[in-house]
Amino acid sequence: MPEPLGRRRWAIAEGYIPTWSNGPEPEMLSQETACLLNTGERDAHVEITVFFPDREPGGPYRVTVPARRTRHQRFNDLREPKPIPHGTNFAISIVSDEPIVVQHTRLDSRQAENALLSTIAFSE
Amino acid sequence: MPEPLGRRRWAIAEGYIPTWSNGPEPEMLSQETACLLNTGERDAHVEITVFFPDREPGGPYRVTVPARRTRHQRFNDLREPKPIPHGTNFAISIVSDEPIVVQHTRLDSRQAENALLSTIAFSE
Amino acid sequence: MPEPLGRRRWAIAEGYIPTWSNGPEPEMLSQETACLLNTGERDAHVEITVFFPDREPGGPYRVTVPARRTRHQRFNDLREPKPIPHGTNFAISIVSDEPIVVQHTRLDSRQAENALLSTIAFSE
Amino acid sequence: MPEPLGRRRWAIAEGYIPTWSNGPEPEMLSQETACLLNTGERDAHVEITVFFPDREPGGPYRVTVPARRTRHQRFNDLREPKPIPHGTNFAISIVSDEPIVVQHTRLDSRQAENALLSTIAFSE
(Lines give C-alpha, C1' and ligand atoms only; values in the text may rest on other atoms or scores of the structure.)
Protein backbone atom coordinates (compact mmCIF):
# COMPACT_ATOMS: atom_id res chain seq x y z
CA MET A 1 0.00 0.00 0.00
CA PRO A 2 1.72 3.21 -1.15
CA GLU A 3 0.17 5.72 1.25
CA PRO A 4 -1.46 5.16 4.62
CA LEU A 5 -5.26 5.16 4.59
CA GLY A 6 -7.24 7.66 6.57
CA ARG A 7 -7.42 11.14 7.98
CA ARG A 8 -6.08 13.04 10.97
CA ARG A 9 -9.25 14.58 12.51
CA TRP A 10 -12.22 12.50 13.63
CA ALA A 11 -15.30 12.83 15.80
CA ILE A 12 -17.86 10.58 17.48
CA ALA A 13 -20.93 12.54 18.59
CA GLU A 14 -22.59 9.81 20.64
CA GLY A 15 -21.08 8.29 23.73
CA TYR A 16 -22.43 6.79 26.92
CA ILE A 17 -20.96 4.42 29.51
CA PRO A 18 -23.74 2.81 31.55
CA THR A 19 -23.59 2.80 35.29
CA TRP A 20 -24.18 -0.92 35.39
CA SER A 21 -23.84 -4.04 33.27
CA ASN A 22 -24.80 -7.69 33.32
CA GLY A 23 -22.36 -10.53 33.88
CA PRO A 24 -18.75 -10.89 34.91
CA GLU A 25 -16.22 -8.20 34.07
CA PRO A 26 -14.42 -7.48 31.87
CA GLU A 27 -16.00 -9.68 29.21
CA MET A 28 -19.54 -8.69 30.09
CA LEU A 29 -18.90 -5.03 30.81
CA SER A 30 -20.71 -2.77 28.37
CA GLN A 31 -18.07 -1.69 25.96
CA GLU A 32 -18.03 1.63 24.21
CA THR A 33 -15.07 1.47 21.88
CA ALA A 34 -13.19 3.56 19.34
CA CYS A 35 -11.47 1.19 16.92
CA LEU A 36 -8.36 2.85 15.49
CA LEU A 37 -6.50 1.56 12.44
CA ASN A 38 -3.04 2.73 11.41
CA THR A 39 -2.05 1.22 8.05
CA GLY A 40 1.09 3.37 7.78
CA GLU A 41 4.74 2.86 8.56
CA ARG A 42 4.94 5.38 11.40
CA ASP A 43 3.35 5.21 14.85
CA ALA A 44 0.29 7.45 15.21
CA HIS A 45 0.10 9.62 18.33
CA VAL A 46 -3.53 10.30 19.10
CA GLU A 47 -5.22 12.83 21.36
CA ILE A 48 -8.78 12.16 22.49
CA THR A 49 -10.86 15.00 23.94
CA VAL A 50 -14.19 14.30 25.64
CA PHE A 51 -17.07 16.79 25.39
CA PHE A 52 -20.01 16.94 27.79
CA PRO A 53 -23.43 18.63 27.81
CA ASP A 54 -22.79 20.80 30.82
CA ARG A 55 -19.14 21.06 31.79
CA GLU A 56 -15.73 21.81 30.32
CA PRO A 57 -14.17 19.18 28.02
CA GLY A 58 -11.99 16.48 29.58
CA GLY A 59 -8.62 15.19 28.51
CA PRO A 60 -6.71 15.08 26.35
CA TYR A 61 -6.22 11.36 26.67
CA ARG A 62 -3.13 10.23 24.78
CA VAL A 63 -2.84 6.85 23.09
CA THR A 64 -0.49 5.44 20.47
CA VAL A 65 -1.47 3.26 17.54
CA PRO A 66 1.72 1.56 16.40
CA ALA A 67 2.63 1.39 12.72
CA ARG A 68 0.68 -1.30 10.85
CA ARG A 69 -1.46 -2.07 13.87
CA THR A 70 -5.04 -1.61 15.07
CA ARG A 71 -6.06 -0.52 18.55
CA HIS A 72 -9.56 -1.12 19.89
CA GLN A 73 -9.71 1.52 22.59
CA ARG A 74 -12.44 1.15 25.21
CA PHE A 75 -13.54 4.48 26.64
CA ASN A 76 -13.69 2.72 30.00
CA ASP A 77 -9.93 2.27 29.87
CA LEU A 78 -9.14 5.96 29.39
CA ARG A 79 -7.82 6.71 32.89
CA GLU A 80 -5.46 9.69 32.62
CA PRO A 81 -5.97 12.54 33.40
CA LYS A 82 -9.15 11.00 34.89
CA PRO A 83 -11.78 8.39 33.94
CA ILE A 84 -14.81 9.39 31.88
CA PRO A 85 -17.80 9.59 34.20
CA HIS A 86 -20.39 6.86 33.83
CA GLY A 87 -24.07 7.60 33.34
CA THR A 88 -23.61 10.81 31.37
CA ASN A 89 -23.78 11.63 27.67
CA PHE A 90 -20.58 12.62 25.96
CA ALA A 91 -18.94 13.02 22.56
CA ILE A 92 -15.31 12.82 21.52
CA SER A 93 -12.85 14.32 19.09
CA ILE A 94 -9.79 12.40 17.96
CA VAL A 95 -6.73 14.15 16.51
CA SER A 96 -3.79 12.12 15.19
CA ASP A 97 -0.38 13.10 13.82
CA GLU A 98 -0.64 10.34 11.20
CA PRO A 99 -3.57 9.24 9.02
CA ILE A 100 -5.81 6.74 10.79
CA VAL A 101 -9.30 5.27 10.38
CA VAL A 102 -11.80 5.39 13.28
CA GLN A 103 -14.88 3.24 13.79
CA HIS A 104 -17.24 3.62 16.75
CA THR A 105 -18.61 0.39 18.20
CA ARG A 106 -20.64 -0.49 21.24
CA LEU A 107 -20.75 -4.05 22.49
CA ASP A 108 -23.65 -5.65 24.25
CA SER A 109 -23.17 -6.55 27.86
CA ARG A 110 -25.75 -9.28 27.55
CA GLN A 111 -23.69 -11.45 25.25
CA ALA A 112 -19.94 -11.21 24.98
CA GLU A 113 -18.55 -9.77 21.77
CA ASN A 114 -21.83 -9.11 20.04
CA ALA A 115 -21.93 -5.50 18.93
CA LEU A 116 -25.07 -3.43 19.19
CA LEU A 117 -23.97 -0.65 16.91
CA SER A 118 -21.09 0.43 14.76
CA THR A 119 -20.41 3.35 12.48
CA ILE A 120 -17.40 4.84 10.78
CA ALA A 121 -16.74 8.07 12.65
CA PHE A 122 -16.91 11.53 11.08
CA SER A 123 -13.65 12.67 9.53
CA GLU A 124 -12.31 15.64 7.67
CA MET B 1 -7.70 22.24 18.23
CA PRO B 2 -7.15 25.03 15.70
CA GLU B 3 -10.48 24.90 13.82
CA PRO B 4 -13.80 23.47 14.91
CA LEU B 5 -14.61 20.04 13.49
CA GLY B 6 -17.61 19.47 11.31
CA ARG B 7 -19.97 20.91 8.77
CA ARG B 8 -23.03 23.15 8.68
CA ARG B 9 -25.61 21.09 6.76
CA TRP B 10 -26.69 17.61 7.83
CA ALA B 11 -29.49 15.15 7.17
CA ILE B 12 -30.97 12.02 8.74
CA ALA B 13 -33.26 10.17 6.33
CA GLU B 14 -34.72 7.67 8.77
CA GLY B 15 -36.84 8.64 11.72
CA TYR B 16 -39.66 7.05 13.64
CA ILE B 17 -41.07 7.59 17.12
CA PRO B 18 -43.11 4.55 18.21
CA THR B 19 -46.57 5.01 19.58
CA TRP B 20 -45.72 2.89 22.60
CA SER B 21 -42.78 1.73 24.66
CA ASN B 22 -41.95 -0.64 27.50
CA GLY B 23 -41.11 0.43 31.00
CA PRO B 24 -41.17 3.63 33.01
CA GLU B 25 -40.59 6.98 31.33
CA PRO B 26 -38.33 8.73 30.60
CA GLU B 27 -35.58 6.13 30.96
CA MET B 28 -37.48 3.42 29.14
CA LEU B 29 -39.09 5.60 26.49
CA SER B 30 -37.88 4.71 23.02
CA GLN B 31 -35.34 7.35 22.20
CA GLU B 32 -34.68 8.63 18.74
CA THR B 33 -31.81 11.03 19.16
CA ALA B 34 -29.64 13.41 17.15
CA CYS B 35 -26.31 13.75 18.96
CA LEU B 36 -24.79 17.14 18.18
CA LEU B 37 -21.15 18.03 18.91
CA ASN B 38 -19.77 21.56 18.82
CA THR B 39 -15.98 21.55 19.29
CA GLY B 40 -15.67 25.25 18.51
CA GLU B 41 -15.43 28.40 20.59
CA ARG B 42 -18.77 29.89 19.50
CA ASP B 43 -22.29 28.66 20.29
CA ALA B 44 -23.94 26.88 17.37
CA HIS B 45 -27.52 27.88 16.53
CA VAL B 46 -29.23 24.94 14.89
CA GLU B 47 -32.44 24.69 12.89
CA ILE B 48 -34.08 21.28 12.55
CA THR B 49 -36.73 20.73 9.86
CA VAL B 50 -38.85 17.57 9.82
CA PHE B 51 -39.97 16.01 6.53
CA PHE B 52 -42.89 13.60 6.16
CA PRO B 53 -44.15 11.23 3.45
CA ASP B 54 -47.44 12.98 2.90
CA ARG B 55 -47.60 16.48 4.36
CA GLU B 56 -45.70 19.74 4.47
CA PRO B 57 -42.45 19.84 6.50
CA GLY B 58 -42.65 20.80 10.17
CA GLY B 59 -40.54 23.19 12.16
CA PRO B 60 -38.07 24.71 12.19
CA TYR B 61 -37.19 23.59 15.67
CA ARG B 62 -34.41 25.75 17.11
CA VAL B 63 -31.78 24.44 19.52
CA THR B 64 -28.42 25.76 20.66
CA VAL B 65 -25.28 23.70 21.14
CA PRO B 66 -23.01 25.78 23.36
CA ALA B 67 -19.35 26.22 22.54
CA ARG B 68 -17.25 23.16 23.45
CA ARG B 69 -20.31 21.14 24.39
CA THR B 70 -22.36 18.21 23.11
CA ARG B 71 -26.14 18.05 23.02
CA HIS B 72 -27.98 14.73 22.71
CA GLN B 73 -31.29 15.95 21.35
CA ARG B 74 -34.22 13.56 21.58
CA PHE B 75 -36.76 14.08 18.84
CA ASN B 76 -39.42 13.46 21.49
CA ASP B 77 -38.33 16.66 23.21
CA LEU B 78 -38.79 18.91 20.18
CA ARG B 79 -41.96 20.71 21.27
CA GLU B 80 -42.07 24.07 19.50
CA PRO B 81 -43.73 24.87 17.14
CA LYS B 82 -45.37 21.48 17.82
CA PRO B 83 -44.32 17.91 18.73
CA ILE B 84 -43.35 15.44 16.01
CA PRO B 85 -46.24 13.02 15.55
CA HIS B 86 -45.68 9.49 16.81
CA GLY B 87 -46.23 6.44 14.65
CA THR B 88 -45.23 8.06 11.35
CA ASN B 89 -42.06 7.94 9.27
CA PHE B 90 -40.06 11.12 8.99
CA ALA B 91 -36.65 12.49 8.06
CA ILE B 92 -34.82 15.61 9.20
CA SER B 93 -32.45 18.25 7.97
CA ILE B 94 -30.15 20.11 10.35
CA VAL B 95 -28.65 23.48 9.49
CA SER B 96 -26.18 25.17 11.84
CA ASP B 97 -24.45 28.56 11.77
CA GLU B 98 -21.25 26.94 13.12
CA PRO B 99 -19.54 23.65 12.20
CA ILE B 100 -20.96 20.70 14.14
CA VAL B 101 -20.92 16.90 13.96
CA VAL B 102 -24.21 14.95 13.96
CA GLN B 103 -24.74 11.29 14.83
CA HIS B 104 -28.13 9.58 14.66
CA THR B 105 -28.86 7.07 17.44
CA ARG B 106 -31.89 5.13 18.51
CA LEU B 107 -32.04 3.63 21.97
CA ASP B 108 -33.88 0.49 22.89
CA SER B 109 -36.86 0.85 25.14
CA ARG B 110 -36.34 -2.65 26.42
CA GLN B 111 -33.09 -1.92 28.22
CA ALA B 112 -32.07 1.53 29.34
CA GLU B 113 -29.24 3.17 27.43
CA ASN B 114 -28.54 0.34 25.05
CA ALA B 115 -28.56 1.67 21.53
CA LEU B 116 -30.08 -0.28 18.69
CA LEU B 117 -28.54 1.70 15.90
CA SER B 118 -26.22 4.58 15.26
CA THR B 119 -24.77 6.24 12.20
CA ILE B 120 -22.96 9.44 11.46
CA ALA B 121 -25.50 11.57 9.60
CA PHE B 122 -25.08 12.77 6.01
CA SER B 123 -23.25 16.06 5.69
CA GLU B 124 -22.07 18.39 2.99
CA MET C 1 -32.78 26.20 2.79
CA PRO C 2 -31.14 27.66 -0.28
CA GLU C 3 -30.09 24.46 -2.07
CA PRO C 4 -31.41 20.95 -1.70
CA LEU C 5 -29.28 18.64 0.44
CA GLY C 6 -27.75 15.51 -0.97
CA ARG C 7 -26.31 13.78 -3.99
CA ARG C 8 -27.55 11.98 -7.08
CA ARG C 9 -25.70 8.64 -6.96
CA TRP C 10 -25.94 6.25 -4.02
CA ALA C 11 -25.22 2.64 -3.18
CA ILE C 12 -26.12 0.09 -0.50
CA ALA C 13 -23.82 -2.95 -0.63
CA GLU C 14 -25.71 -5.13 1.84
CA GLY C 15 -29.21 -6.40 1.28
CA TYR C 16 -31.16 -9.48 2.26
CA ILE C 17 -34.87 -10.23 2.51
CA PRO C 18 -35.46 -13.27 4.72
CA THR C 19 -37.65 -16.08 3.54
CA TRP C 20 -39.69 -15.95 6.71
CA SER C 21 -40.65 -13.62 9.53
CA ASN C 22 -42.42 -13.65 12.88
CA GLY C 23 -45.81 -12.15 13.52
CA PRO C 24 -48.61 -10.69 11.45
CA GLU C 25 -47.88 -8.87 8.20
CA PRO C 26 -47.18 -6.16 7.26
CA GLU C 27 -46.18 -4.76 10.65
CA MET C 28 -44.12 -7.77 11.65
CA LEU C 29 -42.62 -8.51 8.27
CA SER C 30 -38.84 -8.11 8.25
CA GLN C 31 -38.27 -4.78 6.66
CA GLU C 32 -35.26 -3.91 4.58
CA THR C 33 -35.72 -0.25 3.73
CA ALA C 34 -34.07 2.56 1.82
CA CYS C 35 -35.12 5.85 3.40
CA LEU C 36 -35.05 8.61 0.78
CA LEU C 37 -35.18 12.32 1.63
CA ASN C 38 -35.81 15.06 -0.91
CA THR C 39 -35.42 18.50 0.68
CA GLY C 40 -35.71 20.29 -2.66
CA GLU C 41 -38.50 22.02 -4.53
CA ARG C 42 -38.66 19.55 -7.43
CA ASP C 43 -39.80 15.92 -7.42
CA ALA C 44 -36.92 13.44 -7.54
CA HIS C 45 -37.22 10.56 -10.02
CA VAL C 46 -35.22 7.65 -8.73
CA GLU C 47 -33.99 4.49 -10.43
CA ILE C 48 -33.04 1.52 -8.24
CA THR C 49 -30.95 -1.30 -9.71
CA VAL C 50 -30.46 -4.56 -7.81
CA PHE C 51 -27.18 -6.50 -8.06
CA PHE C 52 -26.79 -10.18 -7.22
CA PRO C 53 -23.84 -12.54 -6.62
CA ASP C 54 -24.55 -14.82 -9.54
CA ARG C 55 -26.98 -13.36 -12.06
CA GLU C 56 -27.60 -10.24 -14.13
CA PRO C 57 -28.81 -7.11 -12.29
CA GLY C 58 -32.55 -6.59 -11.87
CA GLY C 59 -34.64 -3.49 -12.44
CA PRO C 60 -34.55 -0.63 -12.79
CA TYR C 61 -37.29 -0.04 -10.27
CA ARG C 62 -38.66 3.50 -10.57
CA VAL C 63 -39.93 5.50 -7.62
CA THR C 64 -40.66 9.18 -7.06
CA VAL C 65 -39.80 11.18 -3.98
CA PRO C 66 -41.99 14.27 -4.12
CA ALA C 67 -40.54 17.71 -3.43
CA ARG C 68 -40.06 18.37 0.30
CA ARG C 69 -41.01 14.82 1.22
CA THR C 70 -39.41 11.63 2.51
CA ARG C 71 -40.12 8.15 1.22
CA HIS C 72 -39.27 5.06 3.26
CA GLN C 73 -39.08 2.47 0.50
CA ARG C 74 -39.24 -1.16 1.54
CA PHE C 75 -37.39 -3.45 -0.84
CA ASN C 76 -40.27 -5.90 -0.36
CA ASP C 77 -42.56 -3.41 -2.07
CA LEU C 78 -40.50 -3.12 -5.26
CA ARG C 79 -42.74 -5.13 -7.59
CA GLU C 80 -42.08 -3.92 -11.14
CA PRO C 81 -40.47 -5.27 -13.28
CA LYS C 82 -40.47 -8.14 -10.74
CA PRO C 83 -40.06 -8.65 -6.98
CA ILE C 84 -36.60 -9.03 -5.47
CA PRO C 85 -36.11 -12.71 -4.63
CA HIS C 86 -36.14 -13.59 -0.95
CA GLY C 87 -33.35 -15.57 0.69
CA THR C 88 -30.54 -14.24 -1.50
CA ASN C 89 -27.87 -11.60 -0.96
CA PHE C 90 -28.09 -8.47 -3.03
CA ALA C 91 -26.85 -4.88 -3.25
CA ILE C 92 -28.43 -1.82 -4.83
CA SER C 93 -27.53 1.35 -6.66
CA ILE C 94 -29.78 4.40 -6.55
CA VAL C 95 -29.62 7.13 -9.18
CA SER C 96 -31.76 10.26 -8.87
CA ASP C 97 -32.30 13.24 -11.14
CA GLU C 98 -32.38 15.54 -8.09
CA PRO C 99 -30.20 15.61 -4.96
CA ILE C 100 -31.46 13.23 -2.29
CA VAL C 101 -30.19 11.64 0.93
CA VAL C 102 -30.34 7.86 1.38
CA GLN C 103 -30.21 5.89 4.62
CA HIS C 104 -30.31 2.10 4.77
CA THR C 105 -32.33 0.60 7.63
CA ARG C 106 -33.43 -2.87 8.56
CA LEU C 107 -36.26 -3.35 11.00
CA ASP C 108 -36.62 -6.26 13.34
CA SER C 109 -39.52 -8.60 12.70
CA ARG C 110 -39.56 -9.56 16.32
CA GLN C 111 -40.72 -6.20 17.56
CA ALA C 112 -42.52 -3.71 15.38
CA GLU C 113 -40.58 -0.61 14.42
CA ASN C 114 -37.38 -1.37 16.24
CA ALA C 115 -34.49 -1.12 13.84
CA LEU C 116 -31.63 -3.54 13.93
CA LEU C 117 -29.26 -1.51 11.81
CA SER C 118 -29.01 1.76 9.98
CA THR C 119 -26.32 3.51 8.00
CA ILE C 120 -26.15 6.45 5.68
CA ALA C 121 -25.58 4.91 2.24
CA PHE C 122 -22.48 5.51 0.10
CA SER C 123 -22.75 8.54 -2.16
CA GLU C 124 -20.65 10.38 -4.68
CA MET D 1 -25.10 3.91 -15.43
CA PRO D 2 -22.32 5.83 -17.14
CA GLU D 3 -19.47 5.31 -14.67
CA PRO D 4 -19.07 2.65 -12.01
CA LEU D 5 -19.92 3.77 -8.49
CA GLY D 6 -17.37 3.71 -5.74
CA ARG D 7 -13.74 4.04 -4.79
CA ARG D 8 -10.61 1.88 -4.81
CA ARG D 9 -9.35 2.13 -1.20
CA TRP D 10 -11.47 1.14 1.79
CA ALA D 11 -11.04 0.32 5.46
CA ILE D 12 -13.01 -1.34 8.26
CA ALA D 13 -11.50 -0.58 11.66
CA GLU D 14 -13.59 -3.00 13.72
CA GLY D 15 -13.45 -6.75 13.29
CA TYR D 16 -13.92 -9.73 15.55
CA ILE D 17 -14.75 -13.37 14.91
CA PRO D 18 -16.08 -15.02 18.09
CA THR D 19 -14.64 -18.27 19.27
CA TRP D 20 -18.09 -19.78 19.53
CA SER D 21 -21.60 -19.41 18.16
CA ASN D 22 -25.10 -20.74 18.69
CA GLY D 23 -26.86 -23.12 16.36
CA PRO D 24 -25.97 -25.20 13.34
CA GLU D 25 -23.31 -24.04 10.89
CA PRO D 26 -23.12 -22.34 8.50
CA GLU D 27 -26.45 -20.58 8.88
CA MET D 28 -26.03 -19.92 12.58
CA LEU D 29 -22.32 -19.16 12.58
CA SER D 30 -21.59 -15.60 13.63
CA GLN D 31 -20.94 -13.79 10.44
CA GLU D 32 -18.59 -10.90 10.06
CA THR D 33 -18.96 -9.80 6.46
CA ALA D 34 -17.61 -7.27 3.99
CA CYS D 35 -20.27 -6.70 1.34
CA LEU D 36 -18.61 -5.67 -1.93
CA LEU D 37 -20.51 -4.14 -4.85
CA ASN D 38 -19.08 -3.75 -8.34
CA THR D 39 -21.48 -1.81 -10.57
CA GLY D 40 -18.94 -1.56 -13.41
CA GLU D 41 -18.31 -3.49 -16.59
CA ARG D 42 -14.92 -4.92 -15.56
CA ASP D 43 -14.14 -7.50 -12.87
CA ALA D 44 -12.67 -5.98 -9.71
CA HIS D 45 -9.59 -7.67 -8.25
CA VAL D 46 -9.52 -7.00 -4.54
CA GLU D 47 -6.76 -7.37 -1.96
CA ILE D 48 -7.72 -7.59 1.70
CA THR D 49 -5.08 -7.04 4.39
CA VAL D 50 -5.81 -7.82 8.04
CA PHE D 51 -4.28 -5.72 10.83
CA PHE D 52 -3.93 -6.87 14.44
CA PRO D 53 -3.15 -5.18 17.77
CA ASP D 54 0.06 -7.02 18.42
CA ARG D 55 1.48 -8.78 15.38
CA GLU D 56 2.35 -8.18 11.75
CA PRO D 57 -0.53 -7.79 9.26
CA GLY D 58 -1.90 -10.91 7.56
CA GLY D 59 -2.73 -11.50 3.93
CA PRO D 60 -3.19 -10.25 1.37
CA TYR D 61 -6.32 -12.26 0.74
CA ARG D 62 -7.36 -12.01 -2.91
CA VAL D 63 -10.97 -12.07 -4.06
CA THR D 64 -12.70 -11.11 -7.29
CA VAL D 65 -15.97 -9.23 -7.58
CA PRO D 66 -17.21 -9.91 -11.11
CA ALA D 67 -18.54 -7.08 -13.26
CA ARG D 68 -22.10 -6.07 -12.33
CA ARG D 69 -22.13 -8.36 -9.32
CA THR D 70 -22.06 -8.17 -5.53
CA ARG D 71 -20.00 -10.41 -3.26
CA HIS D 72 -20.82 -10.79 0.41
CA GLN D 73 -17.46 -11.94 1.72
CA ARG D 74 -17.42 -13.54 5.15
CA PHE D 75 -14.13 -13.05 6.97
CA ASN D 76 -14.51 -16.63 8.16
CA ASP D 77 -14.12 -17.78 4.58
CA LEU D 78 -10.80 -16.05 3.96
CA ARG D 79 -8.54 -19.11 4.04
CA GLU D 80 -5.42 -18.29 1.99
CA PRO D 81 -2.68 -17.59 2.98
CA LYS D 82 -4.22 -18.61 6.33
CA PRO D 83 -7.50 -18.15 8.25
CA ILE D 84 -8.04 -15.08 10.41
CA PRO D 85 -7.65 -16.14 14.04
CA HIS D 86 -10.84 -16.22 16.10
CA GLY D 87 -11.18 -14.42 19.40
CA THR D 88 -8.91 -11.49 18.54
CA ASN D 89 -9.59 -7.93 17.47
CA PHE D 90 -8.62 -6.96 13.96
CA ALA D 91 -9.17 -4.36 11.26
CA ILE D 92 -8.92 -4.59 7.50
CA SER D 93 -7.93 -2.58 4.47
CA ILE D 94 -9.41 -3.31 1.06
CA VAL D 95 -7.71 -2.22 -2.16
CA SER D 96 -9.38 -2.79 -5.53
CA ASP D 97 -8.24 -2.18 -9.10
CA GLU D 98 -11.77 -1.04 -10.02
CA PRO D 99 -14.23 1.22 -8.15
CA ILE D 100 -16.32 -0.73 -5.65
CA VAL D 101 -18.57 0.01 -2.67
CA VAL D 102 -17.92 -1.70 0.69
CA GLN D 103 -20.35 -2.16 3.58
CA HIS D 104 -19.40 -3.85 6.85
CA THR D 105 -22.07 -6.08 8.39
CA ARG D 106 -22.17 -8.47 11.28
CA LEU D 107 -24.94 -11.02 11.51
CA ASP D 108 -26.37 -12.40 14.70
CA SER D 109 -25.72 -16.03 15.43
CA ARG D 110 -28.86 -16.19 17.48
CA GLN D 111 -31.23 -15.73 14.56
CA ALA D 112 -30.27 -16.47 10.99
CA GLU D 113 -29.83 -13.48 8.71
CA ASN D 114 -30.62 -10.78 11.21
CA ALA D 115 -27.83 -8.24 11.23
CA LEU D 116 -26.60 -6.68 14.42
CA LEU D 117 -24.68 -3.87 12.83
CA SER D 118 -23.88 -2.40 9.47
CA THR D 119 -21.95 0.60 8.26
CA ILE D 120 -20.59 1.83 4.99
CA ALA D 121 -16.83 1.40 5.29
CA PHE D 122 -14.34 4.27 5.18
CA SER D 123 -13.16 5.14 1.68
CA GLU D 124 -10.88 7.62 0.00
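A few remarks follow.
So that you can tell them apart, the chains are marked A, B, C and D in the order they are listed, and the count of residues begins at 1 in each.
Everything below uses one rule, namely that a contact is a pair of C-beta atoms (placed from the backbone, for glycine too) under 8 Å apart; a residue touches a chain by one contact, two chains touch by 3 or more.
All values reported here derive from a predicted model rather than from experimental measurement.
Where chain A touches chain D, the two copies mostly use different residue numbers: shared numbers make up under half of all numbers in play.
Chain A and chain D have centres, each the mean of its CA atoms, that are 22 Å apart.
In whole angstrom, the spacing between the mean C-alpha positions of chain B and chain D is 31. In chain B, 116-120 are the positions where the chain touches two or more neighbouring chains simultaneously.
If the chains shown are joined wherever they touch, the resulting network closes on itself as one ring, and no chain has more or fewer than two partners.
The touching residues of chain B, counted against chain C in their complex, run 9, 11-14, 16, 18, 30, 49, 51-54, 56-57, 89-91, 93, 95, 104, 106, 108, 110, 116-122, 124.
For chain A in complex with chain D, the residues that touch the partner chain are 1, 5-7, 33, 35-39, 68-72, 101-103, 105, 111-120, 123.
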